[in-house]
Amino acid sequence: MGLLEFIKDYFLGFWDYETPKVMVVKNKKLGVIYRGVQFLVITYFIWYVFISQKAYQDSETRPESSVYTKMKGTALLGDHILDMVEYVRPSEGGDVISTILRREVTHNQRQGTCAEHFTVPSANCSKDADCISREVNFDGNGQRTGRCVPYYNQTFKTCEIQTWCPIEDYAAIWEPALAEAINFTVYIKNAIHFPKFKVLRGNIKPNKRNGQKYLNKCHYNEKKHPYCPIFRLGYIAEQAREKFSELCRTGGVIGVFINWKCDLDLDPSECTPTYSFRRLDLRKNLPSSGYNFRFAKYYSKDGEEFRTLIKAFGIRLDVIVHGHAGRFSIIPTIINTVTAMTSVGICSIICDWIMLTFIDKNDIYSDRKYDDDSKVPSPSQLLTVPTEFTISYGSNHSDLSEGVAL
Amino acid sequence: MGLLEFIKDYFLGFWDYETPKVMVVKNKKLGVIYRGVQFLVITYFIWYVFISQKAYQDSETRPESSVYTKMKGTALLGDHILDMVEYVRPSEGGDVISTILRREVTHNQRQGTCAEHFTVPSANCSKDADCISREVNFDGNGQRTGRCVPYYNQTFKTCEIQTWCPIEDYAAIWEPALAEAINFTVYIKNAIHFPKFKVLRGNIKPNKRNGQKYLNKCHYNEKKHPYCPIFRLGYIAEQAREKFSELCRTGGVIGVFINWKCDLDLDPSECTPTYSFRRLDLRKNLPSSGYNFRFAKYYSKDGEEFRTLIKAFGIRLDVIVHGHAGRFSIIPTIINTVTAMTSVGICSIICDWIMLTFIDKNDIYSDRKYDDDSKVPSPSQLLTVPTEFTISYGSNHSDLSEGVAL
Amino acid sequence: MGLLEFIKDYFLGFWDYETPKVMVVKNKKLGVIYRGVQFLVITYFIWYVFISQKAYQDSETRPESSVYTKMKGTALLGDHILDMVEYVRPSEGGDVISTILRREVTHNQRQGTCAEHFTVPSANCSKDADCISREVNFDGNGQRTGRCVPYYNQTFKTCEIQTWCPIEDYAAIWEPALAEAINFTVYIKNAIHFPKFKVLRGNIKPNKRNGQKYLNKCHYNEKKHPYCPIFRLGYIAEQAREKFSELCRTGGVIGVFINWKCDLDLDPSECTPTYSFRRLDLRKNLPSSGYNFRFAKYYSKDGEEFRTLIKAFGIRLDVIVHGHAGRFSIIPTIINTVTAMTSVGICSIICDWIMLTFIDKNDIYSDRKYDDDSKVPSPSQLLTVPTEFTISYGSNHSDLSEGVAL
């Protein structure tokens, strides 16, 4: 047949069905291995891929999230009452909110000149010559004036500097920690949206009846109040396995994780968040640890500005939202099914290797599996043979060669 | 042949080409099913995977994004002018910016003692004995002094507390909403960077000629000004399907979504963002809803500190950037093509099952498809036969058995 | 055989092993192509997928990250000392921190009436009639009173407006840039957590001995101090290829990228971050560029509020953390191995196509590859043949037809 006829046949044969020829080997060893491997593969796909990994679902892992936080509670500091306006920063209530637990306050700082702190390198002096004018020591608090002055009301002297006076290191007043802060509450409102599935969920149970009253009273508790979005700082610290007293001393950053795992094939009401808490800043064997920041309140008197400098130690809550939603979809289902089926093919590869290597009859099997063309006569010889005769032998040319041998 | 020869043959045969033997079934039913399934699979891959999902592209979905926001506009409140410095918080202009629409202001609060609000549980009293000293009611505003005092200039009495006086619940002045805020504008500058593709894009059209003038005049509008990054609050609320008046009353959180879909096989100038707006905080049938926060301005007079407490209702804009970029890459193209080709194999599985189950001639087909070895002689018999003779019969041992039968 | 027996055989044959029959073609051209394609596929998988892409690992790409930033340094402005409390905003030290490099300060602004700036459209006037009362020009600074007043102590006149007076455009004092800011340092503490692998890492080397002393002295430098998390602003600007002087003029947003690439099969101490710096806001040929924001300090005198308005130009540092961790896992290893093996199948498809199209002997090959059933006798004929006879010939019906022909 020439290429032309081949093409003709090809188009005629378009509607033929082609299926690979298969050799059946009645060998129990092989059979068991074969079925065993098949079983493993199928089990893996059914159990792990489909049931455990829900491969039949289309999924979305990064929902749009909105977090709104608000703190509540009052604490007594001496005869001074602190309310959330004073101890919460920033006030806007985003997904990062920090509360002050302890303050080191420096009152009435004014721009001026005063003595540098004695711990600053080369700050100690006995005469003006020891202080280079206009020098700025990086670890110091300001620019040196070149004078050597008594260290506040001490006997020894340090270089005078131009800065906010008095300097914090000397004048800061250490306030006691806000012990009541353990009962402060933070209200965390979180709404997520899965764009792909058009699903919108919130962490507050819609409750027409006495919702507001409930939210005023409840405190979150995994067991008792899983749907109450109001958390006691004490509870958060406890869940993060931190001592509150230690947090008051050094401060710290705690992550509040809101985890949404939504199987949208179930009822949407099943799609509720779980909360977990973990300290985010490393602290063990770390030279610098904890969380603190400085800010100031600025005042003016007779046109002169002065400030109260506050070094605040506290808890910073980072609200981190993880979301995962899945819903049945035909395309991943098909894809994974096909993958599963094709993966079964791996069994043959393994078993063939075993069969053709270890089994005593491997030469027979290989002969039967592999149809070798080394004995095929050249096309010329073929043409001498009447076509119908050839065809009567079907497509097996090894028979043909035999016929010729007769 | 022994294992040794087998190994020899194996190395000799390394350059042989092996291809599975295929049985052709001239059966229209099967053919149609076969081609039908093939067609479906191929269509799915070409249309969905390649054209719709652009599987020939390498993609990146999490660009580095930088957002800079700035608000503009002035509003008149009585005879007091509010500019953005007063109604925008935080001032740094990051990806979360909130604007105040309505304020409840409590002027001149001072640390001191005053009457608790009458709605606070157990705050109402007739004599001092009704008020436990040093008690702090969580819903209250401060610590009780133990005295029972007249409620401001009312006839009835409540327990006296130590706190910022006067208390907000009593003294707050409700200011009218900033109606003009509907014309405030927010300028959102967004730059994204796809590290993998080294592509840097911004949402502002570089425009040497009169760019600055354009940015001073234009307001974003999907139709008319798609490249103007300045948004009217009214437009945003409208796009989010919110009543601005209601937002003024309760406040709310609105997401500004900047979506970048970049096909880098096209001209980079095609890579422009689209904007969408959606309210992020849930509000329907929710007990607590809306967005508000408290902050204070601190003043000092004769060394005594006092403050103006402001409860602010407003809009918080969360700018959320989604990005996706794709560019042709050879590796995903190959992978997906291979997957497509192997997936076509699934057709045989289906059709074989049909053929061997439903077609009346299935026993013939199965006989021809499956070459059963149950009739193969034992190796011992084989060895009696001269090897060359065996080989002269090619690899078909069923012929051999026949030869012996003669 | 009837369907019944077929089913019986099926169950008996459950433990049979089935392997496709393969035709061996002793054709060097084909063999070379075949092995060549195989080589390419296998190379791709071994080199790219397994070695380069580490496909044998289970990976996690979105760690939980916590960033804490703190700035340090003092700058002299005239005879006024600026410390970090004044030039850093926000003070809480989150992952976005901005430092002021230059200020335009408007002192003692009070609510009142004063002349509009002359550049504002329609602000210039000669008589009151030119100014519409209660009109608010969007680009203006306030609401017009309807009077036409001298422009501060100039000869020409502009419309009077109600606003914070004096207006910034007129009264702002341009302060010189903080040249010393180039030596300011920012301390960036970053801790990440890979939940899947339960791995917690920080960017500070735990160092019991003199860790604190080291952190007080060191400045980050890729070569000399890769483990020092303290960065000079000058170094950051330089790494981002920005002129510090230009940043002082216009301000800018710079991204600090912390990249974690952790191969958890190695020692955890290998898992250390690398830092990179890039300017995030586009600036070339952009009408508006740079980074600035406004804020005010509020004071009170005799019950009257006044403020100092500050327009601040500076650097905003956005700390962006990228993380990737991988650890050996059996499932991805198996999956990718299977994929690799099945992908080798692609070679046959290519070679078959070549063989059946280009090779001169393609008709012989096709005959031998494709076992055509067109010449199979009808089932009726089959039934005339004794079953055992049929079986004695094995399953090869082309032999059978031959037998009949004898």
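So that you can tell them apart, the chains are marked A, B and C in the order they are listed, and the count of residues begins at 1 in each.
Quick note on the criterion: a residue touches a chain if its C-beta (ideal position, glycine included) is under 8 Å from a C-beta of that chain, and two chains touch if they have at least 3 such contacts.
A quick note: this is a predicted structure, and the numbers were derived from the prediction, not measured.
Colleague: If you take the chains that touch chain B and keep only those that also touch chain C, what is left?
Modeller: Per touch definition, common to chain B and chain C: A.
Colleague: Since chain A and chain B are copies that touch, is their contact same (over half of the numbers shared) or different (under half)?
Modeller: Under half shared, hence different.
Colleague: From the C-alpha centre of chain A to that of chain B, how far is it in Å?
Modeller: 14
Colleague: Among the residues of chain B, pick out those that touch two or more other chains and give their numbers.
Modeller: 18, 20-26, 90, 299-300, 342, 345, 368, 370-372, 396, 399
Colleague: Flag every residue of chain A that touches chain B in the complex, lowest number first.
Modeller: Within the complex, chain A touches chain B at residues 13-26, 64, 66, 68, 70, 73-74, 76, 79-81, 83-86, 90-94, 180, 183, 187, 189, 191, 193, 200, 202, 204, 206-208, 211-212, 214-216, 297, 299-301, 331, 334, 338, 341-342, 345, 356, 360-368, 370-372, 375, 396-399, 401-402, 405.
Colleague: Can you list the chain C residues touching chain B in their complex?
Modeller: 1-3, 6, 18, 20-28, 30-35, 44, 48, 89-90, 96, 98, 111, 136, 138-143, 162-164, 253, 255, 257, 278, 280-282, 284-288, 291, 293-296, 298-300, 305, 307, 309, 316, 318, 320, 342-343, 345-346, 348-349, 351-352, 355, 368-374, 376, 379, 382, 391-397, 399
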